[in-house]
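Same chain, two partners: subunit A is paired with subunit B first, then with subunit C.
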Partner chain A sequence: MQGILDGIVHILIQSFGILVFPGIFFISFLALLWEWIDRKFYARLQNRMGPMHTGWHGILQPLMDFLKLLGKEDLTPEKADKRSFAAVPFVMLSLSIILTMFLPIVDMNPLVPGIQGILSFEGDVIIVLFISTLMAITIVLAGYFSSNPFGQTGAARTGMLLISFEIPLIISMITPAMLTGSLRVSTIMNRLAGQAGIASLPLAYLWLLILPFIIFIVAIQAELERIPFDVSHAETEIVHGWQVEYSGKKLAMIHLAEDIMLVYAAGLAVTMFLGGPYLLEFIPLEVFSVGFASLMATTWVGWIYYALVFILKSVIVVLILSNMRTLFARWRIDQIVRAGWKFIVPLALVNLMVVQFALVYIFPLLGVV
Partner chain B sequence: MTESDEPRIVIPPRVTIPIGPQHPALKEPGMFKLTVEGERIIDAEVNIGYNHRSIEKIAEGRTFLQVLYLAERICGICSATHNGTLAQAVEAAAEVEIPERAKFIRTLTWELERIHSHILWLGVAFHEVGFDTAFMYSWRDREVVMDLLETLSGNRVNYAMNTIGGVRRDVTDSLKETLLKGLDKLEERMKYYRDVAIYEKTFWNRVDGVGVLPNKIAKSHGAVGPTGRGSNVPTDVRFNDPTQAYVHLRDSGEFEMVLSDREDVAGRAIVRVVETIEAVRMCRWLLHNLPDGPIRERVRPRIQPNEVLARYEAPRGEVIHYLVTNGSDKPERWKVRAPTHANWVSMAYTLRGGYLADAPIILAAIDPCFSCTDRVVLVDAEDETIQLKPLDVLRAESNKWYESRT
Partner chain C sequence: MGFLRKLINRARVKSPYVFHFNSGSCNGCDIEIIAALMPRLDLERFGIKLVGSPRHADVMLCTGPVTEQIKPRLQRIYEQMAEPKFVVAIGSCACSGGVFRGSYNVLGGVDQAIPVTAYIPGCPPKPSAITYGAYKLLEVLSEQLGISEDVAAEPVAEEQTESIKEAVEA
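What follows is the complex of A and B.
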């Protein structure tokens, strides 16, 4: 009897985790919040006000846009492949939500040391990269299914973007995996942060993360199709490209999926390079080193604390991404592919070699292991 | 993947992409049929005529003073251009000389308008290549010149500064101070945008070597204004055939025609930006050398039979007003050749061979103004015959069409 009760409680807690916090509801909340921060910061840098009217300084504007789109007429082009056309937004939304499930925001599995995401298993880095590539492929499909010349051009451009920036993204994420010797998102994060009883890495290793972090930020900007890489839905050229035929609920879902991808991108940068939801633990004080982690891991205070630190760090990444969006004009697709293969990919490969060389030869020589 | 029997989504090697009639890159309706192979444009076809308003016909039923206000509604951006050029044409037909001070103030309005038009173009160009930050900044600073124009004329868009025989409002000493202060700010900001346009790599890469219009083609296709000057064609009415105070400006020897031998969109952009700085300097010179005297001369309403051609260098290029008077107070025939009309001809050439991604900036590079340009031409979709129709026939046909619908 006790066992069954425990099982039910466990299932309830798990489903609360998946549906509410830190799952779908929390992620959607963050997605809309990030969009507001992105828009507001972008607007302020451009000497505009940005959204102002819905809620405090327009904080509810993304939600209002979403709700408004839900109520709009939903059109399907006559020549489009109807079922696939309708499926794409669902697939995009669910894939993006699944991606965020891998992010360790609060500890979902106390049995394993360190903070675990809702989904966490050995080798999940590969799954994460696979699904994020799948996202780009759904974008290509969305363009082709709409059977619109703008959509097809946008889809072709997305494909080009995919082959040039997916590789640096993967290579940049290999570096933390190499340093920690693991292919599990949570282990990589916990080892890099050196928390929760997991053997930490020497500080010297962290210098090797700077270049991959820069490559990651550039590649993720391309993955999210933001300026200067927004060729696939450049509105002045091809009128929102692959999105051009989507309207109403489907467009609302696509927008939400894009916002969730921003949460995922910022969260992945935080997890892989910025030490995840740990902050106070890095302060070398006795208060934070003894018992703090276990207190945080076992009580609800920890959930709030980790979530807040995660939000804080993610906001910093979002601001970096928004700032990049402000600084540049849109590149042409041939310029993007050339830049990708001429500079970013070789840089990533050189970085990989440097890391391996340092790990095998230099650090043992210096006595840092 | 697809549920149907035969695959419906076919990617032909050549896709025809319509830019327009409604397109975010176009602020006014116009249609450009681009045939693309991948990202390369193989063929381009320019198709305009969505914005016809029959202004020339309307003008024949109005007095010259009324036509003056109609003329500035040809185009919102270069309203002083059409207004002033028509006033110039009517004065020439009436054979009256307007006071010097009026000439200076008219020229001042024109040059201020050139500044505002060129900054507007710069913002649009930034927007077309996706550089929205510079777009927002340049349009914010455009407000400075809009405010100057408002204090000068009382209006932000349709200035209505000119009247037949002079100008309507005088420049007082306090206004002069305000204008000079505003011009200083504008010059500083424009120098900044010149540096942004030249040294910002992502913008420069998008305009460098794009939309090449060789000097020879520009001459043979009759490119005017910054489009021609960007291809090193010395065409500028302000220097070739000056009127009003431009005679004094040219004779002062302080100003030169801005030319560029780059022949691409970058050349056109540089010509416009440098020209804006020149226009600021011209405005300052005009204010410093403003002569005293009356600002208008009375002209009798009936103009003797005459046939005149008035030219002026509008921000977009040479504008021509052809006016036939018949001794009454209404024009016999009034014909406007807006600069965009002359630049359409070279458009298809510059588009060919470029990238699809560059089409908006190439289109924007001539600073197209559709409403100035449109003439009604009926094209039969089946046999592609072209037919010009007079207004009364059109009206009869449209009445018939509406009757058949009900």
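What follows is the complex of A and C.
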């Protein structure tokens, strides 16, 4: 009897985790919040006010956009492949939600030391990269299924962008994996942060993370198709590219999926390079040593604390990304491909060699292990 | 269900996506529309966002007397927009034909081709007039949808309309 009851409680807690707190509801909330921050910061950098009259300083604006699109008529072009056309937004939304489930926000599995995401297993970095590539392929499919010349041009451009910037993205994520010797998102994060009883890395190693972080930010901006890499939905030349035929509920879903991808991108940067949801633990005081972490891991105060730190660090990344969006103009597709293959990919490869060289020759020589 | 309907109606007023269509304008009005989206009179304060595709848009901003050649395209693009949709005629040309009225190749006004919800006169209308027109359209919409008290009760918006009214009159 007791065993069954425990099982039911366990299932309830897990489904709460997946549906509400670090799961779908929380992620959608963050997605709408990030879009607001992005729009507001973008507007302020252009000396505008941004949304003002929807809630406090327009904080409800993304929600209102979403609701309005839900209430609009849903059109399907006559020539489009109807079923695939309708399926693509669902696939995009579910893939993006699955991606965010790999992010360690709060501890979902107390049996393993360190903070774990909802989905966490050995080798999940590969799955994350695979699904984020699949996202780009669904974008290409969205363009082709809409059977619109603009949509197909946008899809082809997304393909170009994909083959140029997927490679530096993957290479930049190899560096933290090499430093920690693990292919598990949570282990990489916990080792880099040196928390939860897991042996920490020497501080000298962290210098090697600066260059991959820069490459990662550039590549993720291309992955999210934001300015300067927004050739695939350039409004002024190919009227929103692959999104051109979508309206109503499907467009709402596509917008939500894009915002969730922003949450994922910022969260991945936080997890892989900025030490995840740890902040106070880095202060070398008695109060914040191992006991603090185990207390935080087991109580609900810890959930709030970790979520807040995660939000704080992600906001910093989102602000960096919006700053890039404001500072640059749109690049042409040939400029993007040239920049990708001539500068970013070689830089990533050189960085990989430097990291390997430092790990094998320089650090043992200096006595840092 | 009633609550959801009301929420979506409110959302409609709060986030109009606009789409800009040049139906034979001299480009004066188009530049003024862009000026209304610029820092001084930032229309994004009301949630107005410029989109590129008619499928995404709620409001179509038309400029120019409709020429015979562009009429079928205008009607087709109007039909491509998703319901509920509204049309705003910007500039004297779009309202009545303006200086081109009576010319052999123009219809004289957007309302000869498609139904129009709001007219903003001027040749070209000031950006402040466009902002005022957009605000009036939102007010009328919220009255139609039965949620007017929420929008009219915002003190900041009232002050802004006052100053804009003065600017228009001056």
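What we mean here is this: the second predicted complex is superposed on the first by the 368 of 369 C-alpha atoms of A that agree within 3 Å, B and C clash if a C-alpha of one lies under 4 Å from a C-alpha of the other, contacts with A are read in each partner's own complex, and residues count from 1 in each chain.
The rule is short, and it goes like this: a contact is a pair of C-beta atoms (placed from the backbone, for glycine too) under 8 Å apart; a residue touches a chain by one contact, two chains touch by 3 or more.
Keep in mind the model is a prediction, meaning the values are calculated, not measured.
Asks: Should A:G302 be classified as contacting the first partner (subunit B), the second (subunit C), both, or neither?
Replies: In the superposed model, A:G302 contacts neither subunit B nor subunit C.
Asks: In the superposed arrangement, does A:E73 touch subunit B (first), subunit C (second), both or neither?
Replies: second
Asks: Touch check for A:G114: first (subunit B), second (subunit C), both, or neither?
Replies: neither
Asks: Between subunit B and subunit C, whom does A:G267 touch in the aligned arrangement: first, second, both, or neither?
Replies: neither
Asks: Would you check which partner chain A:S84 touches, where first means subunit B only, second means subunit C only, and both and neither mean what they say?
Replies: Once the two structures are laid over each other on A, A:S84 reaches subunit B alone.
Asks: Just subunit B (first), just subunit C (second), both, or neither: which does A:P176 touch?
Replies: In the superposition, A:P176 contacts neither subunit B nor subunit C.
Asks: By the touch definition at the top of the document, which applies to A:Q46: first (subunit B), second (subunit C), both, or neither?
Replies: In the superposition, A:Q46 contacts both subunit B and subunit C.
Asks: Quick check on the superposed pair: does A:G154 touch subunit B, subunit C, both, or neither? Answer first, second, both or neither.
Replies: neither
Asks: According to the stated criteria, A:P212 is in contact with first (subunit B), second (subunit C), both, or neither; which is it?
Replies: The answer is neither, since A:P212 touches no partner chain.
Asks: For subunit A, which residues belong to both interfaces, subunit B and subunit C?
Replies: Residues 46-48, 235-236, 239, which sit in both footprints.
Asks: Can you list the subunit C residues touching subunit A in their complex?
Replies: That would be residues 7-12, 14-15, 38-39, 42, 44-47, 49-53, 55-56, 58, 80, 82-84, 154, 156-157 of subunit C.
Asks: Over in the complex, which subunit A residues touch subunit C? Could you list them?
Replies: 39, 43, 46-54, 58, 60-61, 63-68, 70-75, 235-236, 239-240, 243-248, 251
Asks: Going by the contact rule set out above, which residues of subunit A touch subunit B in the complex?
Replies: Going through subunit A, the ones touching subunit B are 45-48, 79, 81, 83-84, 144-145, 147, 149-150, 152-153, 156, 227-228, 230-231, 234-239, 326-335.
Asks: Residue numbers of subunit B touching subunit A in their complex, please.
Replies: Touch list, subunit B to subunit A: 1-4, 8-9, 11, 15-18, 23-25, 36, 38-39, 126-134, 136-137, 140, 200, 202-203, 205-206, 355-360.
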